[in-house]
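Multiple structures are listed underneath, in structure tokens.
In the two complexes below, subunit A is the common chain; its partner is subunit B in one and subunit C in the other.
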Partner chain A sequence: MKKYVSLALCSMQNTLAYRLSFILNFVANFIGLIAMYCLWQAIYTGRAELSGFTWGQMQSYLLITFFVNSMLSYYSESSITNKIIDGSVMMDLLRPIQFQKARLAESLGSCVLEGLLSCLLIGLAAVFTLGIQLPNDAATLLLFLFSMASSILVKFGIVYLSALLCFWTTSGFGIYWARTSITNLLSGALVPLAFFPSWLQSTAMLLPFQGIVNTPVTIGLGMTEGIEALRLIGIQWVWIVLLWLLGKWMWSGAVRQITIHGG
Partner chain B sequence: MTIKNSPRRILYLYWRLYSQQLKAMMEYSADFYIMIGAAALTQITGFLFLWVVFSRIPDIQGWGLWEIAFMYAAIYVSEGFGSLFFEGTWRMLRLVNLGELDRYLVRPVPIVLQIFCTGIGMNGLGNIVIGGAIIAMSLSPIDIVWNLQTIFMALLMFASAMTIRVAINLAANCSAFWIRSSGNAFPIMIHNLGEFAKYPITIFSMGLQLLISIVVPFAFVSFFPAAALFGREPWSWWGWLSPLVAAYFVGLALLILRIGLRRYESAGN
Partner chain C sequence: MSLIETKGLRKVFRQAVKEPGLAGAVKHLFTQRYRDKSAVEGIDLTIEEGETVAYVGPNGAGKSTTIKMLSGVLVPSGGEIRVDGLVPHKQRMENAQRIGAVFGQRTQLWWDIPVRESLGLLRDIYQVPPETFKRNMDAFTELLGMEDFLHLSARKLSLGQRMRADLAAALLHDPKIVYLDEPTIGLDVAVKHRIRDFIKEMNRNKGTTMLLTTHDLGDIEDLCERLIIIDQGRIIYDGKLREVKDAFARERTIHMQLSSPIPEAESLFRDLPDVRVVRPAEDQGASSLSVRFDRFRCTASDIVKRLMNRGEVVDFRIDEPSIEEIIRRVYEGQLDSESLLLAGRGSA
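== the complex of A and B ==
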């Protein structure tokens, strides 16, 4: 356990070493948030609610989505794919650590900083807008925070699986891109799943992606409560375990066909 | 001996440099298809987003689904054009940080041309195909008066839009001369300003409108051409400014490049 903690700390320091890139990266994503904010603002002019969302709720939705999307950013993802593409994965094979656990530790390490910085930006944004509506009662708040934490693990499962695809291709960026666009649509990051036509909505609910954005956001906004909220968190954890096992299985297949050139 | 850089020579050199990159590219054919597929996918999900939103509302400030889809796709097509033919701008960080620019500086070929041909982004093909399809689909539901003037204007605005995009890419990536970091974060940030031009600019505050009309003129890639083509007042005449804006930004990009090159010192060994 200790070795994984130190890996997490290392990755945190690594992130800090490239702080300018890290911050600019965040600002770049923030631009997307501002664009979406203005778009929804224009959409809500003259409307009280759309698909069960009021403008106030939509604002919170955008901010929470930004937060969730900031976690496990391109930074962590590309560090996994680069290891595989440039062959430094070999060093990990030599060490007495498990690749999957080590990558999880590193990703969580950077998540701490990503979380802090996005909280700061969201805080700033909240000052200028109406602010975020957070759940009032302690139980909902607890469920919300727990589902947020779980959503990071669901995302890690998906990111890890797609990163392992780089054992078969050298196009890490293409994989990242494809994964992002699918995740954004099916997790509800682009538009709440409630806006989807019912067939697309029910399909999305059957997939792991909804655990990343839809679950924490609907719980945080008080749209799912009590047993229903617990059920959604349960589904998140089913996916966390399934994706983890799938990652393990894929890794054992992947290392068998690895070729590393030169030394 | 001085070599005259006639347009013919430039085109010939571009073709030779480009085709060499293409050969290198085809070595990894899986990557080739992954990039095309990923770009197409991004764009299709983007369109689905608009479609889902517009299934709930009739219009945004009087702009319908297809009008906004046109702007949305215009941004993507220009992005694809930049990637497919001028991807090298995105590799400047590498050229500068690894000192590879040295090689370019000693060759009797314009440096900009060599930078342009440092790579090919096959994702551009995916962007152009899907974006082109969305634009084609959007043209039939929208009332456009097609005559010689609109056709001429459309071509002029298209050429300007592509030029503006490439010039923005070049200017933004010149940050490599100043920011010594490992990532493309600054140019990506500028690139993301294009997000604002995917929608009618009137939904943004005045500051943002000025930003994407003048400072980083993405609005001339999508919104102003769209407004001109659809005859939307009061912006319809703005489209005629496109070539001027393109000339202004090309000049600016080249100036930034020149200042950057003066700062450039090789990685050395």
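== the complex of A and C ==
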């Protein structure tokens, strides 16, 4: 266990080494947030509510989505794909560590910094807007925070699986774009799932992506409560376990596949 | 049981066959054809604990592939493999704990954190006890001269520094076996020496078994008693370095400095087979003379004696062909592999 903690710490250090590009990446995302904010503001003019969302809720929605999307950013994702593409995965195979656990540890390590930085930006944003609506009662707040943490693990599962696809494609960028757009759409990061036509909404609920944004956001906004919230978190964990096992299975297939260049 | 044992070890890579040009590339999108490329075919290896073995062969002979299979990174296509009683690709974690590896073309250090931190991280990964870590760090820092760059991140190191740091990283957890894949590639003479001394030291003091591939014949002569030559995925020689020299380096050259020229020195050796007299082109005074002969057909003393009868020999030295010369001839196919194998067996 200690080795994975050390890997996580090292990954934090690594992220700090690239602080400039890390921060620029963040700023770019933040500008995206501002654009979304203006867009929704225009949509809400003259309206009190849209598909059950008030303008105040929508603002919180945007901020929470920004937070969740900032975790496991392009930065950690590309570090997994690059390992596979440039063949340095071999160096990992030489060590007594498990690839999947090591990648999780590293991703969580950079998540700490990503989390801190986004909290800072969100705090800043909240001051200038209506602020962020957080659950009033402690139980819901706890559920919200727990579902946020779980959403990172769901996202890791998806990111890891898509990164492993690089074993078969030898290029990572296309996979990254495909992964991002599918995730953004089906998680509710772009538009809340409640705005979808019902068939798309019910399809999205059957997939793991909704666990990334929809679950924490609806719990945080108090749209799902009590048993229903617990059920959504339960679904998140079913996906976390399933994606982890799928990742394990795919990895063992990939290892058989590798023919590291320059052998 | 030996420390490393393989029987009939094979590795076949699947290569995509693409037809030339755009049309070929488009065609490849729909129908993929593959060709099997055999990198290693049927390698039998037995390496005992504490040995230092040079594993040489031309580019693409299958050296790195063998090492990758031994270290558990590649899954063999066939044959048996046991390293310290383990099957590396099946018991990868246990095997990884006992081995160290340096791949000259890649680093195992973290690119963006100081070398010292990288080594600290490896300490945690390999669960090296604190006393061992401290002892090894102190020893390695001194032996490899790492003091100057421990605080730098790997990306800032020169090649020689990086290679030294990589060696330290590979040996930090006191592995039983170390695989060195071209550990001195592209290094200057001073660093090469340092690295060779370090490897020797580790082998002598800790009994670490070393298997190294190299194109640098200085590495082989300096470090290894045993030589394995492979070509096209097969072992063509396995035996003592000394014996391959005896078998194929039959030719000797005596260079002599004479007090006065000996005219028609050639006539002295007319009755001896395969003796040739070579006069250095720049020395027309002929007070120096070289004689080339086969040491199994006549002796050096016979040659020198005949010359001493005719004049005074001021100084002389004997040259033997370098291992480089021999291996070059093997690569070029001038020495056929059957006679090499015979030489190897003779030594066993």
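To be clear about the criterion, the second predicted complex is superposed on the first by the 262 of 263 C-alpha atoms of A that agree within 3 Å, B and C clash if a C-alpha of one lies under 4 Å from a C-alpha of the other, contacts with A are read in each partner's own complex, and residues count from 1 in each chain.
In the analysis below, a residue touches a chain if its C-beta (ideal position, glycine included) is under 8 Å from a C-beta of that chain, and two chains touch if they have at least 3 such contacts.
Predicted model only: the values in this text are computed from it and were never measured.
Enquirer: Looking at the combined model built on subunit A, do subunit B and subunit C fit side by side or clash?
Expert: fit
Enquirer: Return the chain, subunit B or subunit C, that is in touch with more residues of subunit A.
Expert: B
Enquirer: May I ask you to decide whether A:242 touches subunit B, subunit C, both, or neither, giving the answer as first, second, both or neither?
Expert: In the superposition, A:242 contacts neither subunit B nor subunit C.
Enquirer: Check whether A:206 is in contact with subunit B, with subunit C, with both or with neither, and answer first, second, both or neither.
Expert: Neither partner.
Enquirer: State whether A:116 touches subunit B only (first), subunit C only (second), both chains, or neither.
Expert: neither
Enquirer: Is A:7 contacted by the first partner subunit B, the second partner subunit C, both or neither?
Expert: A:7 sits against subunit C, while subunit B stays out of touch.
Enquirer: Based on the superposed arrangement, let me know which partner A:256 touches: subunit B (first), subunit C (second), both, or neither?
Expert: After superposing on A, A:256 lies in contact with subunit C but is clear of subunit B.
Enquirer: Which partner does A:18 reach: the first (subunit B), the second (subunit C), both, or neither?
Expert: Both partners.
Enquirer: Considering only the touch criterion stated at the top, classify A:93 as touching first (subunit B), second (subunit C), both, or neither.
Expert: second
Enquirer: In the superposition described above, what is the shortest C-alpha distance between subunit B and subunit C in Å? Please give a whole number.
Expert: Superposed model gives a least subunit B-subunit C C-alpha distance of 6 Å.
Enquirer: From the superposed pair, tell me which subunit A residues show up as contacts to subunit B and also as contacts to subunit C.
Expert: On subunit A, the overlap between the subunit B and subunit C contacts is residues 18.
Enquirer: What part of subunit B is in contact with subunit A in the complex they form?
Expert: Touching subunit A from subunit B are residues 28, 30-31, 34-35, 37-39, 41-42, 44-46, 48-49, 52-53, 55-57, 60-61, 123, 179, 181-183, 185-186, 188-189, 191-193, 195-196, 198-199, 203-205, 208.
Enquirer: Quick check: in the complex, which residue numbers of subunit C touch subunit A?
Expert: Going by the criterion above, the answer is residues 13-14, 39, 64-65, 68, 71-75, 92-94, 96-97, 99, 101, 103, 105-108, 110-113, 117, 120-122, 124-127, 153.
Enquirer: Considering the complex alone, what residue numbers of subunit A touch subunit B?
Expert: Listed in rising order, the residues are 18, 20-22, 24-25, 27-29, 31-32, 34-35, 38-39, 41-43, 45, 47, 50-51, 168-171, 173-175, 177-178, 180-182, 184-185, 190-191, 195-197, 200.
Enquirer: Can you tell me which positions in subunit A touch subunit C when the two form their complex?
Expert: Residue positions touching the partner: 2-3, 5-7, 10, 13-14, 17-18, 87-88, 90-91, 93-98, 255-256, 258-260, 262-263.
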